[in-house]
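Sharing a structure here in structure tokens format.
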Amino acid sequence: MNGYRNRFAMLALQNAPLLLFAVLVIVFGLMSDRFLTPVNFLNIINQSSHIAIIAIGMTFVLLIAGIDLSVGANMYLSAAILGVFFVGMPPLVAFPLVAVLGLAFGAFNGFMITQLRVAAFITTLSTLFIGRGIALYFSGNKMVPFSKDVLTFGRTAYLGIPSAIWVFALVLIIALIVLKMTTFGRQVYAVGADPDAAAKAGINVRRVTFAVYCICGVCAAVGGLVSGSQVAVASSTFGFQKEFPVIAAAVLGGTSLFGGRGGVLGTVFGAVLIQTVENGLVMTNANPYIYPLVISVIIFIAVFTDSSRTTVLERLERRKIRVEPD
Amino acid sequence: MKLSRREFTVGALLAAGTMGLPIMVKAQGTKTVALLFDSLVSPFWVSGIEIMREKAKANGWETLENISDFDDNKQFEQVKAMIGRKVDGILIIQTDSKAVIPAIRAANEAGIPMVHFNRPPAESDAYSVAIQADNRKIMADTVQFLVDEAKKMGGKYKACLLIGDLGDVNAIQRRDGFFDVVDKNADMIEVVARVSTEWNADKAFAGLTNALQANPDINFLVTSSDFMHPQIEQVLQTAGKWHKRGEEGHVLFAGFDGDEGAYARLKDGYLDACGVQNLFLEVDMAFQAFIDMWAGKKPEKLLLDPGFVITQANLTEKQDEMWGYTVWKKQNG
Amino acid sequence: MSAAASVSAAPAAGAPLLEIEGLCKSFFGVEVLHKVGFTVHAGRVLGLVGENGSGKSTTMNIIGGVHQMDSGRIMFGGADYRPKGPRDASKQGIAFIHQELNLFRNLSIAENLFITEFPKLVPGLPFIDRGAARKRASELLAAVDLDIPPTTLVNRLSQGERQLVEIAKALGAKAKIIIFDEPTTSLTTRETDRLFDIINKLRQQGIAIIYISHILDDIMRLCDDIVVLRDGNLVGKALKADMTIERMISLMVGRNIDQLFPPRDSAIAAGPPVLEVRNITQRGTVKDISFSLRAGEVLGVSGLMGAGRSELARILFGIDDFGSGEIIVNGKALTKPTPTVCMDNGMAFLTEDRRAEGLMMEAPIDHNIALSSLQAYAGGFAHKIDSTRLNADVSKMSASVQIGARDIANTLVKNLSGGNQQKVVIGKWLLREPTVFILDEPTRGIDVGAKNEVYKIINRLAAGGAGILMISSEIEELVGMSDRIMVMAHGEIRATFERGAFDREELLRAAMWDGIRSNAK
Amino acid sequence: MTSTDVTAVSKPRAQAGWKRLLLSEYLVLVLTVFYFAVMWTIVPEIATADTLLDILRAMMPLLVVAIGQTFVLIVAGIDLSAPSIIAMASVVGASVLTGDGGYANGTGFEIIAGILAFIAVGAVIGTFNGLCTTRFNMPSFIVTLTTMMFFSGAAIWYTTVHTDASSIGNLPRGFIGIGQGTFFGGLPFSLFVVLVVGGAAHFILSRTVYGRWLYAVGLNPRAAAVSGVPVRRVIFWAFVISGVCAAIASILYTGRLETGTPVLGQRILLDVIGAAVIGGVSLFGGKGKILWTIFGVLFLTVIDKSLQLMGLPIASVFAIKGSIILAAAVIDAVRHRVLVRG
């Protein structure tokens, strides 16, 4: 009897974030009959894609216990360059070029962190300013419009699925393969768990560190592209303070800020969860003043349940010396 | 201690970057005016600062710039820095009408004329001149035009308003102007969505998409600033609701500011009306206020730019007064 | 051959696999290795002993590629050997199993085994062949007699099992030489036996082993050749047959330690016990524990790893909860013990893992010693610390436990040797003048000289009227120091022996009571 | 880490003067002075008494927030909610103080009541942050991130409830004096507040039991717990202190601007943490001093002031500020390597 209840509690705890998600969906669904529709579902994913893409990159950085505050600036710089310099280019040429620029941005962060040993927080804090400054210089503070091709790409659906989701899915699949299926991916976890041990085990810690910042840079640029092609222009606040929702999405998805724990699937879940709440609030025509209040409360509840779960699970899974009969 | 060559190179480059700051040379005998903006997020401000730079140059004045990034305290610091540099006049666009009062006092104390551009300060004993568009009235007039159009066509309307940053007076005045008219016509127009954009294109995009998802029958759309037009176009296109006037399914659509995008959309027939702030006039008024104050005169504390509503009907007649048209003309040859 | 060679008395079979000559290394201008040279042969186990600070770890770190030598020469398999890093060393066939195991607890066994080189799905492409990894991991685990699925997370393994995974990793890297640095410090007796079986097997396969340990018994049991270092110099090199434990000790310390365990003249005080434990039970860890400890008594606690000894200590000091029972300290029952309550009642607790739970590694010595006593030196509304009084007492304490550092306010604990670190922890507790002192593995990982000093401190403390509960995995130590020894197994007290009735075999037998079941998972 | 066989490593002795400078904890101060000297040649106005006094005045509120943040950073936490505490306290405090229907208006105690309201907001939010991190084991980053979002929104919402305008003005003269007043002929009154807060913080960190406990918890919470340090309580109070410091800064800001506004301080978060970290406070806990934080804040304030004086376009301002922070960090990193190499 007792054991049965325990098992039930365990099951509930282990799936706490999913339960929360389900509760939200039901509540919003009851409040608005347009919420629970396939179209709206697609819409939520579509809108969360740019955050999710950047958060996937951020997950790599967080897995090695790093941080990248410059993703918002990177986003803006990429979008500004796309809009200012790559005007006549077809998206198929321009997009990879922008991704390479994002990579270069990330590589600069990585270089500062691995070669000059500047703390990640400070490095990316300063590149946040520098990146934004350069982007503002290119854009002359003006709104940067994108070419027709980019805009068409942004609003086209292929096989009924918006382009942003395709890009998102592609990034997610690549990230999953890299993290789960390659030596590098496993080494990311090792470095995050214990960099000293990783160095002793013969892992090139600097190279792994450098690489994750490059990956984060690419993801930020791609996220900038996706967002830019949707919102049609990059204003001077494009990407401003995006680092916070991005990190929140990763942490909501169970990635630890202290490295070694988490994964991209959780991150995607976190990003979608946040967007679901925003969407639900609009669907139910809530007072805009309370948006940030509701969203923060829900993020709080999610993290709260996650922490209590970890605490309880740790207690339950403590190594037993004696096996007692029930 | 050994510096590797790489460390040395990077260090040297960074140092060179820091030292190579443009050397400021203060010209003798000319007037220097400080332009203190709180942001440059929309074309209105960007064009504004450009027009100011040009006109100041034409007057033979130097300009200094500072952007406060919506931080009232930082802006106060910037005013003090400008006082420290002993400029001849301070043009300021504050974020908060009350928080700017200490800055006005400081300028008064230093004997430096201060002009508020586009946003007036709150009542106080300090003296400064404010130039402002009559936001509430212009917005009300604009929405009135849209309502009249709606009446002509008949039927019921579902309205959506894109609100600006709820911490900004202009956003609030424009919102109030909108409701002044809409509330009077509640029998015909139901406001189904108020999208909070925080003056952020990306939020506007997401918010409007969600609003259209919840209310696919929205057919009356007003934005508090023209800079969000590209997002609106993108969302309406995606939803298959981007049609010209007179076409089946056209969404009644009004903007505010009068930027180049608004002109283009008016010309193409997508936009029905736009509340225009007369930017040229406002800059002239502001600079005239400086000249008056230097001459020892004391202009009125609040000088209003009446603005005007530009519509399909008066487009050709009024376009020369619309600053966005000038920008558009420059961009399109 | 260099001068060191003349000390040699080891005629080895065949050409040596590894030849070290004139190895020198300095840190911060301090020479830590001076012309060290010896040889390692395939199929033989070389024991490397010496006090902490003698240069053992540095020597091994050079061989393992962690540090670079300043001068000297190493020949490996007849060729010049100068590893660029740990990876390079392991590629060339030298595996180094560190004292603090180098495993990633968030990854599976298989992933740990192949973390630098996974089997690939398609050669040249970076994709892991998980199936092949699992299969090869199973084979390697079988080679070290570990019957656990390779997909198990390392987190879930016991210390001994993790050690075996490390060895499997070395085998996987086709190591010709495996270096063990203090491999048994956290192993149970049974796990140690198992490890030695595996090492013997490796020796038969022609692998050379370098084995570093403070446990001289183990060295004698396992090694073919023995090398002794002192202060960075090679002071002895001999075949096992030509070496005795006593000789090793005198070579190591440079003097004769007549008695590792100093005699104690004080007697157990009469009167009520300082600590009385009645029927402490906690589901899953300990059951029905009762004993009492008198002033001036040293009560040893023996048992295998995982017998519940540390868990009991943690319960007594209020770190972990307990279900039922009573803890009475100096006549007062502690109903809801927390470390603070226990400390206020005169208890002190030296934890088994000084890095994780004993010390602030990044803080100077004096701050560490003062940490537990701050309130006694503070007063007033703001609890301002009387630093004059505190510093004076801390310096006195530091001198009294003989911490070998000149500047206790500026030397960080992380820069101290293990023995000195342990003395810092002891000093921290002694500053509180405890009446009940729980010591969990007080001499783990510290050298003979420091051990001897720790023992003296324990005796002094007992003489001062404190009751001491000493948990140890070294039976010799318990026999040498205790008035009484309790043996724990499976979370229960299995037997208690009085001084005079101590018998190594009996102690072991009591500890091993269904040890097989308790360790099987 | 292998157990090092080196018994004692004392600080390496610096031979050359510049090397000693590089290694000293005054490095950031030296960099500031150097930067100031360079700027002097570009904008001579930076060295006038007025500007210097301005720099001092501008530093004060930021410094109070940074001091509070230092406490949290020392226990290896982070408090992202400081800006929203400033905003929330500003509007709540102002709603008590204001002559336009303030809650305490006309009672004669409005200034006391107002100040208490400010402090209460800081203390309550700090308490919440502290409780969540210590009782529910939630990471402080995410707890304070959610309180930041919540109270930033709540501050705006609260303002709309209280007034139709976007901010609350008409504050009593006596209160404004706290932010604007001077003493000893010209020194800002805020300096006095900061001296008290900074002095108290320095005293707590360096001379009291609680101070030692803070470092112990930051360095090794498990060892601290076993050594009888009430770890949870220590962390809890660090958050409360940070909250109260943010509230005090809010008093100074609100007094200076004569207005309670819900967007107050929204952009200073990275400046606050950046200042502490540039000064030398570690994000990983256990390392930090009030003096270091002061240097960090001074450094950032001087950069800001010089850029304001130059009146450059915002693109250059961003690029220059970022480069200078990065340059300082590179110098610091080189310094650490020198320390390790000896």
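Order of writing sets the labels: A, B, C and D. Residues in every chain begin at 1.
Assume a contact is a pair of C-beta atoms (placed from the backbone, for glycine too) under 8 Å apart; a residue touches a chain by one contact, two chains touch by 3 or more.
Because the structure is predicted, anything quoted here is derived from the model rather than measured.
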By mean C-alpha position, what chain is farthest away from chain C?
B
When B-D and A-B are ranked by contacting C-beta pairs, first place goes to B-D
Determine the centre-to-centre distance between chain B and chain C, using the mean Cα coordinates as centres, and give it in whole Å.
70
Could you give the separation in Å between the centres of chain A and chain B, each centre being the mean of its C-alpha atoms?
33
What is the distance in Å between the mean C-alpha positions of chain A and chain D?
29
Residues in chain D with touches to at least two other chains are numbered 1, 156, 160, 313-314, 316-317, 320, 323, 326, 330, 334
Going by residue number, chain B touches two or more other chains at 7, 10, 40, 166
Sites on chain A at which at least two other chains make contact
116, 141, 289, 291
Touch relationships between chains, expressed as pairs:
A-B, A-C, A-D, B-D, C-D
Listed in rising order, the residues of chain D that touch chain A in the complex are 1, 132, 136-139, 141-143, 145-150, 152-154, 156-157, 160, 270, 273-274, 277-278, 283, 313-323, 325-326, 329-330, 332-334, 336-337
Mind listing the chain A positions that touch chain C in their complex?
177, 181-184, 186-187, 189-190, 192-194, 197-204, 260-261, 318-322, 324
Hey, which residues of chain D end up touching chain C in the complex?
1-12, 203-204, 207-210, 212-213, 215-216, 219-220, 222-230, 286-287, 342
Residue numbers on chain A that touch chain B, as the complex places them
32, 34-35, 39-40, 43, 47, 115-116, 140-143, 145, 151, 154-155, 227, 230-238, 240, 278-279, 282-285, 288-289, 291
Chain A contact footprint on chain C (complex, rising order)
66, 85-87, 90-91, 96, 98, 102-107, 111, 114-118, 126-128, 130, 283-287, 306-308, 311, 490-491, 518
